[in-house]
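The same subunit A turns up in both complexes below, where it pairs with subunit B and then with subunit C.
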Partner chain A sequence: MRTRTREKYQSANKLAHSKATALLRYVALVAALLFSLAPVYWMLTISLKTEVEQFASPPPWFVFTPTLEHYYDAFVARGFGDYLLTSAIVAVASTACALIIGTLAAYALARFELPWRLNRRLSLWILSTRMFPAIVTAVPLFLMMRDLRLLNTRASLIIVYTGFNLPFVVWMMRGFFADLPRDLEEAALVDGDSRLGALVRVVLPLVTPGLAATAVFCLIVSWNEFLFALVLTQTDAAMTLPVGIAGRVTQYEIKWGVMSAAASVAIIPILVFALSVQKYLVRGLSMGAVKG
Partner chain B sequence: MGIEFRNVNKTYGDNCVVDDLSLTIDDGEFIVLLGPSGCGKTTTLRMLAGLESVTSGDISIDGERVNDVPTQHRDLAMVFQSYALYPHMTIAENIGYPLRVRKLDKPERAARVQRVAAMLEIETLLDRKPRQLSGGERQRVALARAIVREPRAYLMDEPLSNLDARLRVQMRGELKRLQHQLRTTTIYVTHDQAEAMTLASRVAVMKKGRLQQFDAPMNIYNHPVNRFVAEFVGSPSMNFIEGSQLTIGIRPEHIQVLSQPQDGAIPATVYVTEQMGNETFVFLTVGTNRLIARAPADFRAADESRVWITISKDKTHFFDPVSGEKRATDNTDWIRILSVSSAA
Partner chain C sequence: MQKSRRFFSALNKRELLLPALFLAPALAVLLALSIYPLIYSITISLQQETVAGITWGLGNFARLFSDNFFLTALGHTFIYAISALVCEFLLGLGLALLLNNQIRGRGVFRASLLIPMMLPSVVVGVVWRLMLNPNFGSINGTLKQIGINTESLTWTASPKLAMLSVIAVDVWQWTPFVFLVLLAGLQAIPQEPYEAALIDGSSRWQTFWHVTLPLLKPSILIVLLLRTMDLLRVFDQIFILTEGGPGFATETISLYIYRTAFRFFDFGYAAAMSFVLLALTNVISAIYIRLIQAEPN
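And now, the complex of A and B:
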């Protein structure tokens, strides 16, 4: 009898304990969400408020008269639509280039035995291009682009972002390829396929989650990049959204409403893409962790 | 014609994996490369497939030197130990893959896939994915992918080793039957001597990268060229009696166990008996030697009981105790060795 009461007591204790941990878990989750989403909420509300309400004190947190004037201002009156287009073209093109070149390089590094231990040396050398701060290359790249007459072009940004993303693609994809059993490619070769055919028809379909995860990261980096875009473009012809938004901080005024409206729109494409590849994303990021 | 290895070597750094291998395989033969793990048999197969480079020597197929021909142009088909089915393709797509890369049109492809699927009784699986199949079914799909076209040879790398015992024996029979129907040169790698004995037209026994013997299974069994081959082929293994001048090899079925003394019989003690159902293995102690004998199914003897053995004298083998090479010897000699060791 006594032991049974004790068991009961213990299980009740356990239950209370697990309830407490569950509660704690939710508290932590809410705190993390608040921390990361509060600025986004602030930005969204600013973009919808009139200038008077933007500067009201205390600020109207939830109740205000929404207006789309800043969106009109940004995308119709000013050239933010063009900036958006430039950002999209540059991000997509540089991601595509980095994926194609990087995947081929990663496959070679993962599968072919190069002389002089080049597999390892090349990989490290590729990684080393990311080891110094970006600002170090800003001036040389500016001079190179000037001599190539590529200043103020989208091409300059595509080239620079491709180079920027390549090391990341190579290292990510090299890991995914290394985890794949060689038998499958060898079977494809014996079945009469070429190396490239085996890569396209057998290997790449199997690393799609990895490709998707890598693509998302490349897109985010290219989409948000500010420094090189600022250095290499000065005119509207090739201005990206981040530079365009920052340009509204002027000597005389700061256009909070326009900036927030543009920034709010800037979130959407990456959000949509990340959601659409979400099922691959989770698998891609955990790939190799568990042999499946 | 056929396949020829001429003085082929394969080294990784200082490690010699295949050592001066010369082998001529005739058209339509079923060759088994047999040996323990690490003997170079899989490397040999992979060199033939073009998946490993050849360090020195020549490999030719139908008289054409293929050393520098890339895998995809060698026109071979291979069944991998892991089956290597493409996980993202259906079974039909898996089997049709070799035809797809050869740009056969779709109806022709479908017809041929259907034909081999019927041959291997896997028609009902064609729309499934490999992960939905059992081991035996995957094995058939791998086989179907190999035979869907007519390659110059089939290469098989331990294709049955991932199956359970019953299925393995069944597939073994089907493989043999299939090869008789197709008459395509087949090179088959295994460490299982029973597979080698049952499947091969000729067996190549390898050890540490060197070819030991290349002959018909029954010749390998009855006339092994050295102690390694004698020991590796046959189950239970051949008995060896070590003398200072000579090692004597006797197969278990050539030792007759008697419960009564008989003229010329040697006394022995029963260590243990194993009843297999159709026969009985008798483990014996003769002097300092341990021997295994095959006895009829109804043979019974208690542990430590005294029995007598006779040995079929014309079926014994003699090996050099140092090199292990086969030696021809006068019959009187070894009886003395055996009686000396049994007296001890």
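And now, the complex of A and C:
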């Protein structure tokens, strides 16, 4: 219906005009695609090229002899396998913690009527904690973790990422709960279920898609996070993949192949995740402010 | 009968215990990881190490005003944030307007645009170091191939081009986000105003200016708010691309705070500077939020 009216609107314009727009549209589309993807593609080729071909001039965009030596070098000969494991453990553990704690809070904010307008006030306060620039809390968190003797442990990152993801989980889940009609829970309560029972048996199954999307966003954020990981972990025991890669970048002699191989592996889970939450992407990236 | 009475009481009575139990863990975590660190940060910002031991006072805050590095970093942060914001907004809006129609391959297009913005920022840094490297980077290599002299194009290594380079990288990564939010906003606009504009015989430009833009304003404000907050605290990509250099050319406030705390171990001064950043982001977000709340919905 909407498209048809829009087409009608367009047909009112000059035909030549709309043809030019159509052409412009496709040119813009192709340019944007090339601009977005070419740099990432270039990194992939560097990770697969021998050192001679990495430095070849003119740069070989398409024709080169692929090799996996840099992947072997990074993940078998050097410590990137460990960094990968740390990144995975930290991301999964912190996501699980944030989801459990955050979903309960979100349900309370969405479904109970709290005194002193606490629903709104607490929600806004929780959101505001997410707005702190990371560096502001990184300095005191470093000192706190030092006092607790948790520097260079995975536990420190799991704790910090849980806190970092929590406001996001609360806001996203609050939105998903609010989208759900109340009748279903009321029916469950009529059937003699408790509030907790209604949440677990009736509400949670219905918000599973939202819960899954929220979990994927938390995994992405934890997987990508750099500043806290840089500040809190400096040894191989607890270094995440981004910190490992960054450590190689700032050394004097840069192993471009190793670095590209590690970076290419780091984006694989992200690509899978991002494509799986496409539908919720705008909503997730705007903390639920835009329901696109 | 019994059941229905229970149902009414369960929904009408103000339950407090259960929501309190549900909220307690989240509030405890946020107090421990957001509020306590802030208080801790205030106390260390009020301490200065001197030969005589630790003294308390506003010394760290007084230092801010005479520290040229701090003021320069603050200036860089504004240049970075404003330039990137303007470019991302104009490009994102342009793309959204162009593609707000049924076109073939939109799904593929959307999916491909996701890639830059979902990448770990460290990977973005790596990707662009490989592109911009003056010796073997594909940008200079390709330019040379088509006969352009690239000797002076040292990008991140040049004091003049370094800031431009890091801004371009941000634009590359985040324009798709602006585009997606604005596209979602455009598609939520009802058709009636357009039909009315058509009947009134308004031109394309008039329709855009008087119909599209005002109706898109809430989405515009939200996306500008989110981008501004991220831009003001930028750290990761610049750290990888230039580490604030060459010299001090791309040092933003977050990088300077990091350097002060973790290279010079002057935590008190770093904490004092971080409060300036916090105040700045709070004031700016408050302005945006006021504008957003002034919107009809």
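Rule of thumb we're sticking to: the second predicted complex is superposed on the first by the 240 of 292 C-alpha atoms of A that agree within 3 Å, B and C clash if a C-alpha of one lies under 4 Å from a C-alpha of the other, contacts with A are read in each partner's own complex, and residues count from 1 in each chain.
In this text, a residue touches a chain if its C-beta (ideal position, glycine included) is under 8 Å from a C-beta of that chain, and two chains touch if they have at least 3 such contacts.
Computed from a predicted structure; not experimentally measured.
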Open item on the list: Let me test your reading of the model: by the given contact rule, A:156 touches which partner, first (subunit B), second (subunit C), both or neither?
Closed with: neither
TODO: Report for A:32: first if it touches subunit B alone, second if subunit C alone, otherwise both or neither.
DONE: second
Open item on the list: Applying the document's definition of touch, where does A:24 land relative to subunit B and subunit C: first, second, both, or neither?
Closed with: second
Open item on the list: Is A:189 touching anything from subunit B or subunit C once the two structures are fitted on A? First, second, both or neither.
Closed with: both
Open item on the list: According to the stated criteria, A:141 is in contact with first (subunit B), second (subunit C), both, or neither; which is it?
Closed with: second
TODO: Look at A:206 in the shared chain and tell me whether it touches subunit B only, subunit C only, both, or neither; answer first, second, both or neither.
DONE: first
TODO: Tell me which partner A:222 touches in the superposition: subunit B (first), subunit C (second), both or neither.
DONE: neither
Open item on the list: Quick one: is A:181 in contact with subunit B, with subunit C, with both, or with neither? Answer first, second, both or neither.
Closed with: first
Task: In the superposition, subunit B vs subunit C on subunit A residues touched - done: C
Open item on the list: If we overlay the two complexes on their shared chain A, which of subunit B and subunit C does A:197 touch? Say first, second, both or neither.
Closed with: first
TODO: Would you tell me the residues on subunit A in contact with subunit B in one complex that are also in contact with subunit C in the other?
DONE: 186, 189-192
- [ ] Spell out the residues on subunit C that touch subunit A in their complex, using ranges where they run on.
- [x] 3-4, 6-7, 10-11, 14-16, 18-20, 22-23, 25-27, 29-30, 32-38, 40-41, 44, 94-95, 98-99, 101-103, 105, 109-123, 125-131, 135-138, 141-142, 144-145, 172, 176-177, 180-181, 183-185, 187-188, 191, 194-195, 198, 204, 219, 222-223, 226, 229, 232-233, 235-236, 239-240, 243, 254, 257-258, 261-262, 267, 270-271, 274-275, 277-278, 281-282, 285
Task: Residues of subunit A touching subunit B in the complex - done: 181, 183-184, 186-194, 197, 201-202, 205-206
Open item on the list: If we count contacts the way the header does, which residues on subunit A are in touch with subunit C in the complex?
Closed with: 1-3, 5-6, 8-9, 12-13, 21, 24-26, 28-29, 32-33, 35-37, 39-40, 42-43, 46, 54-59, 61, 101-102, 104-105, 107-109, 112-115, 122, 126, 129, 131-144, 159-160, 162-164, 166-167, 170, 186, 189-192, 195-196, 220, 223-224, 226-227, 230-231, 241-243, 245-246, 249-250, 256, 259-260, 263, 266-267, 270-271, 273-275, 278, 281-282, 285-287, 289-292
- [ ] Under the touch definition given earlier, write down the residues of subunit B that touch subunit A in their complex.
- [x] 49-51, 70-72, 74-78, 80, 82, 84, 86-88, 97-98, 101-102, 145, 155
